[in-house]
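Here come two complexes built around chain A, the first alongside chain B, the second alongside chain C.
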Partner chain A sequence: MDKNREELLFGFLVNGLAPLIAILVSFGVGGIIISFLGADPVAFFVKMVDLTFGSWRGVSQTLYRATPYFFTAMALSFAFKAGLFNIGAEGQMFIGGLALAWVGFTFPGLPAPILFPLCLLAGFLGGAFWGAIPGYLKVKRGAHEVITTIMMNFIAIALVQYLVQNHFTNPDWGIPHTPVVGKGAWAPSLSTFLPFFPSGARVNVIFLLAVFMAILTVVLLSRTKLGYEIRATGLSPDAAEYAGIDIANRTVMTMAISGGFAGLATANFILGPGSHYFLKSEYGNIGFSGIAVGLLGRNNPLGVILAAALFGFLEHGGLGVQLFFPDVPRQIVEIMQAVVLIILVVVLELVRRYVSRLRKRGST
Partner chain B sequence: MDWLADLFTVSILLATIRMAVPIALAALGGLFSESTGVINIALEGMILMGAFVGTIITNATGSPALGLLTAIGSGLGMGAIHALACVTFKANHIISGVALNLFATGVTFFLALVITGGSQISVHHSLPKIGGFSPVVYGTALLFLLSGVFLYRTKLGLRLRATGEHMEAVDSVGISVTKMRYLAVLISGGLAGLGGGYLAIEQANFFTKGMSAGRGFIGLASMIFGKWTPWGAAGAASLFGFAQSIQFRLEIPFVPDEFIQMFPYLITILVLVGAVGRARPPAEDGNHFIKEG
Partner chain C sequence: MNEGSRPIVEMEGIVKNFPGVRANDQVNFSVEEGEIHALVGENGAGKTTLMKILYGIYARDEGEIFFKGDRVEIESPRQAKKLGIGMVHQHFMLVPPLSVAENITLGEEFSSYGFLRREEAVEEIARLAESVGFRIDPKEKVENLSVGSRQRVEILKVLFREAELLILDEPTAVLTPQEVEGLYQIMEKLKEEGKTIVFITHKLEEVTAIADRVTVMRSGEDVGTARVEEVDKEGLANLMVGREVLLRVEREEVERGEELLRAQGLGMKDEEGKLYLEDVSFALHGGEIFAIAGVQGNGQTELIEGLTGIRDFSEGEVVLGGERATNVDGRELRERGMGHIPEDRLGRGLVPEFTVRENLVLGYHTFPRYASRVFLKGETIDQYARAAIGEFDVRTPSISTQAESLSGGNQQKLILARELAQTPDVLIASQPTRGVDVGAIEFVHRRLMEEKASGKGILLVSTELDEILSLSDRIAVIYEGRLTGVFPAAEVSKEELGLYMAGSKKEDEEIVRERALSPSEELIN
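Right after this comes the complex of A and B.
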């Protein structure tokens, strides 16, 4: 098999087939668990598809739920391009989200063209700051970013809790949350431009922002000097350094951009149709599940969009289907997400072995 | 300055010892695994799984001893998966660890919900205390002593450590790198599982979702701070145990509760930032062994 077709096959197997197999296996495992719980797995999944893609309202909800996963997944995937493990999406998401909300409720009078981008910028910078710290610690002191980012998660949770509870919330409210962000920052629902979405649709322009940032990232990584240097640092730090790249600077910058992505994850909830305030308990799984989404999307921004859509499907479908199948807890979705990840890790390795065997046979 | 005196009371000392146990066991587990060069990020998930399995079995059988044994077993199981992924399938150690953590978090939460309908399960029995401490505390001290002897004074211990330093050399004398790594990772899982079982059955007397609360990672930090030695890890784990014991007991003026909660995690970062410059991990940490020819 000639070189080009070989590369195409390799690419297809690793980036297309492996995630597909992992997804199918996870559905299989989910199906087994569902039948153990006494429900019919086929009916269960059919209902899920119906709820998510059977109506424009369903599609809206699916994309709405998918959007934050894109951002936290990109946090992991972007860092991965430089060979870094950013497990801190959770903390970066909280800090960015609080920063975003703070700008929104501190300057509520500002007009939309100023407030909206300002909030997004604050979210990005908040997450970037939180991500840059472990990056800096790694560069300066060799502290492994896996542990430092995880520690920063816990610190962020405590910090955000403190700030919201003691400085931002109103004692009259039941659950502590921030004040509502100014109207200028409210992200319009997609139903305003795309009439096939029902008027109450929650999917909003932040989803478009996600798609835009995916494309931007692909361009950045493949066509700019910064992108090249980041990828070089990831592929071989020594070679990159030898070539004159400032790997310390690129490492911190990568962690900052990566954190910035995560910082925007809650924009969907805070600025989009809904409560318009920051409520910590609403953002449960998104930080860590972003890891699974990133890996499933093969760390490629466009793949991540697809993987995020899948997770949106699982989440919205899983939520809605509970009404019809009361015996199956919503957490089955989390199980499936976790299974997908483990199977993917194994399948990727198997595919890699298969391909290297193919290659050896081809070159003799 | 009363609060300063409050920091050094007997009750905090006792709490320190109790809180240090899961962290110390995780640290010892990490140590075994890394002695052969396998990074075990999954300690966190192994603790959680041990806590959950231990809780369920203890309540089901009425025997905390059996609960602890199954907790160890669940840790061994997770260790087996991690070893399979990292050693046999040569997956990236960190990705495998993260995947296992996610898996444990999801599965334990899910099963807790399915079995009891809530996310918190009380444990109804625990082992009789000796001298005010659970027997596991003494067991942990013993395990540390035995580990020190095992790793530094026995042939097998030497072989494990050699695997972590130079896989080629070990392979060339006919020792199976695979077997060494599997053994180490299994022990690692078992220890973490025990830590989790202790956490739920003996210390907290309940299981709740995410109750490992970073102890697996703090254990890793202890291992690093302790320069990859059992006695160092024990000392570091005690320090973190102290940080955790003052978390909910202390009222330092001007310092809000939430900031005190951050202590263990802040200290972990400080340790990682300060200590790594002075100590080095086993040379083969994270590397895969690929047999030539």
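Right after this comes the complex of A and C.
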């Protein structure tokens, strides 16, 4: 019994405490820099919190910013469960996003109950296709997925750029973007159902989709045959092979699902309140930041939601707080994002060492 | 002590508590200078804990340690080494890409002005190796060495640091029978050199083969120390387990049933054309245990992996229950009634991070009994898991405990429970008792015998000849990928098998095939 309790405590220390410490330290580092810049760090952070969580409008904006990070982070975390490192969320996000927008502007006349889910499906499948390729290459050719997913990012970026500039351009103004998606695909704002959000709040149904998918993922991994096989493959390929699990198939499928998550990352922007078209420059780095969010969320779907919320907080709070602290450049937020990640890696290792030393001294 | 030889180490009243368990409870342990002292007990009896206290890895809660008569505090391995105590761990601590000499001198390199003096190190290590009769090239990279040689490097590492007392933690667990012989010689040689050796084991034959004295531990207590001449294996086993233990299971004669598994001319090559198996044929019938004996690395692993769907044969045919089963995947084989206890328990047989209940359906998780089209049947699995750990006496805090935290014996019982719970017709058991303690060995043997009695066919692969001789009905020897002899177990001696295993004797191919394919009754007549 003790062993189980200890197991739980260990899990809590590593998965809960370490990210918390990392976040606190990054605030500390951010605070020091802010005070060097001549501003009051306490006032700065209080203002940030006020802007993000101080009003329903702020909450709405924060969650809106957080939503895409959730999807790209899940891409990393899901693959991780099968022992795969998917660094290709950026590329999968672009391919999925363009597929999603394409369905939306190609069939603009379809009614909402058909067009909206169809767009999401296209986004998922687009990302899944782009994610499955490295999975297939790994299985057939032994190409390591870290290398191939990174390469596939460049291909995706160039491909999307080419397609949007040459084939799907809406020529109304400067930066090339696609035509607007049909009205049926527009995701309603949450204020439609939740009256405490101010009308026109940007947080929209896609956020609910994210929460739903997090729960779905937990169920998939813990309750289904497929989840069991994915975890067995990730934890011990030899044992999975012994158990008659088709590792090649599971690897490709995991990469596809992982890519599918990333493929939905831009749905928040394209379908949610806003421009309603695909604008590549608006989504830069969300895929890469997802790696940080996934790590911070300890690859646990619910943890990933919290971590994404933190990134949403930093992003929205960071933007707004500039108006009040003109001396502090907005890059302070990016510094804090980076610090969180670096500290997390260090703290995780320290906590792990500390706990394993405790266990060594204390038990067999 | 009664003969007046001086104790080199005395541990008195050692107590060590871990959360929830008392690993050592008032243990007294004394080793005389220049002896080989066996420390035996079941897994979890506290042997390794006691030695780790002596080596400074664990801090004791109570008790005193005397080294050569002086009371000492050993708070770290560094201090232990300074006193002249060295430990060879069960899992080697070597850097594979570095050479033997580099590994041995690691941390105490020969150098001047920051530059390594490699030649000097190599010479010194060569001299040291020669002094204890090792044949080893100090310049060879450790990654190219066999397990037995790596162990010698570990021993040299300890000797290089001028240890007088060597602690060997289950040194034979990873060795082949030949390598074990080699280790015995090394231990004898070290004893001649005046070194003292404590070795931890749970194999009783090792105690009688090499030790001068033996101390038995059970559930954290020392239950006695004796000269080896004064004890027998049965007595030791009973002391270790605390009850009567049957070291040999009575072989039951069971009527031969129909043919369940047939291998016909099996061959296996890898992509580079390396041959693992050639023309292997045999038939397994219901109610019999057919054993394959051989020195590790002669193709038995490949044969088993081929039969169980992990690898493909390049030639030949497998017939399971009358139907073709060549190169069929593991899932289908399980559905068709083949159970498999793999030789690599933690590597293949279990997902170490999975819980006990998850591991109990590994490979069977797609069976309609445990899963619907999409979902696992959580409650059914829970019930089955509780029943299985009860029936197979798997000692675990709960069914949600991770398999990796169980002892080796319990992990093995877990696998046995899983494979037998599905009532397979054919059970392929590879090294079913490797590294498990006496109590668990008895249990595994008894269960295998029961399965046979109920009409199952069991293919047993083991490197333990005693196990093979006591359990099986027919024995085939595998040497360099071929079966070189087939015998009724009652008509062959250990020595005879040894000759075939070493490749110095061989029967005619035709005779081997004929005997391997026919049930034993006909053979005896």
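One rule holds for everything that comes next: the second predicted complex is superposed on the first by the 360 of 364 C-alpha atoms of A that agree within 3 Å, B and C clash if a C-alpha of one lies under 4 Å from a C-alpha of the other, contacts with A are read in each partner's own complex, and residues count from 1 in each chain.
Note that in this section contacts are C-beta pairs under 8 Å (C-beta built on N, C-alpha and C of every residue); 3 or more make two chains touch, one makes a residue touch a chain.
Just so we're clear, the structure is a prediction, and the values are computed from it rather than from any experiment.
After superposition onto chain A, the modelled positions of chain B and chain C overlap sterically. Looking at the shared chain after the overlay, A:A243 reaches chain C, while chain B stays out of its contact range. In the overlay built on the shared chain, the residue A:A232 is in contact with chain C alone; chain B does not reach it. Judged by the touch definition given at the top, the superposed model places A:D172 against neither chain B nor chain C.
Judged by the touch definition given at the top, the superposed model places A:T224 against chain C, while chain B stays out of reach. By the touch criterion stated above, A:F288 is placed in contact with chain B alone, chain C being left untouched.
Once the two complexes are laid over each other on the shared chain, residue contacts for A:L348 go to chain B alone; chain C is not touched. Comparing chain B with chain C, the partner in contact with more residues of chain A is B.
Touch criterion met: A:Y162 reaches chain B, while chain C stays clear of it. By the touch rule above, chain A contacts chain B in their complex via residues 37, 85, 87, 137, 140-144, 146-148, 150-152, 154-155, 158-159, 161-162, 165-166, 288-289, 291-292, 295, 329, 331-332, 334-335, 337-339, 341-342, 344-346, 348-350.
Taken in their complex, chain C has these residues touching chain A: 18-21, 23, 44, 49, 57-59, 308-310, 329-334, 340, 342, 344, 347-354, 358, 362-363, 365-366, 371, 374-376, 378, 397-398, 400-402, 405. The part of chain B that touches chain A in the complex is made up of residues 41, 81, 85, 89-92, 94-96, 98-100, 102-103, 105-107, 109-110, 113-114, 213-214, 217, 220-221, 256-259, 261-262, 265-266, 268-269, 272-274, 276-277.
By the touch criterion stated above, chain A contacts chain C in their complex at residues 1-4, 6-7, 223-226, 228-229, 231-232, 235-236, 238-246, 360-364.
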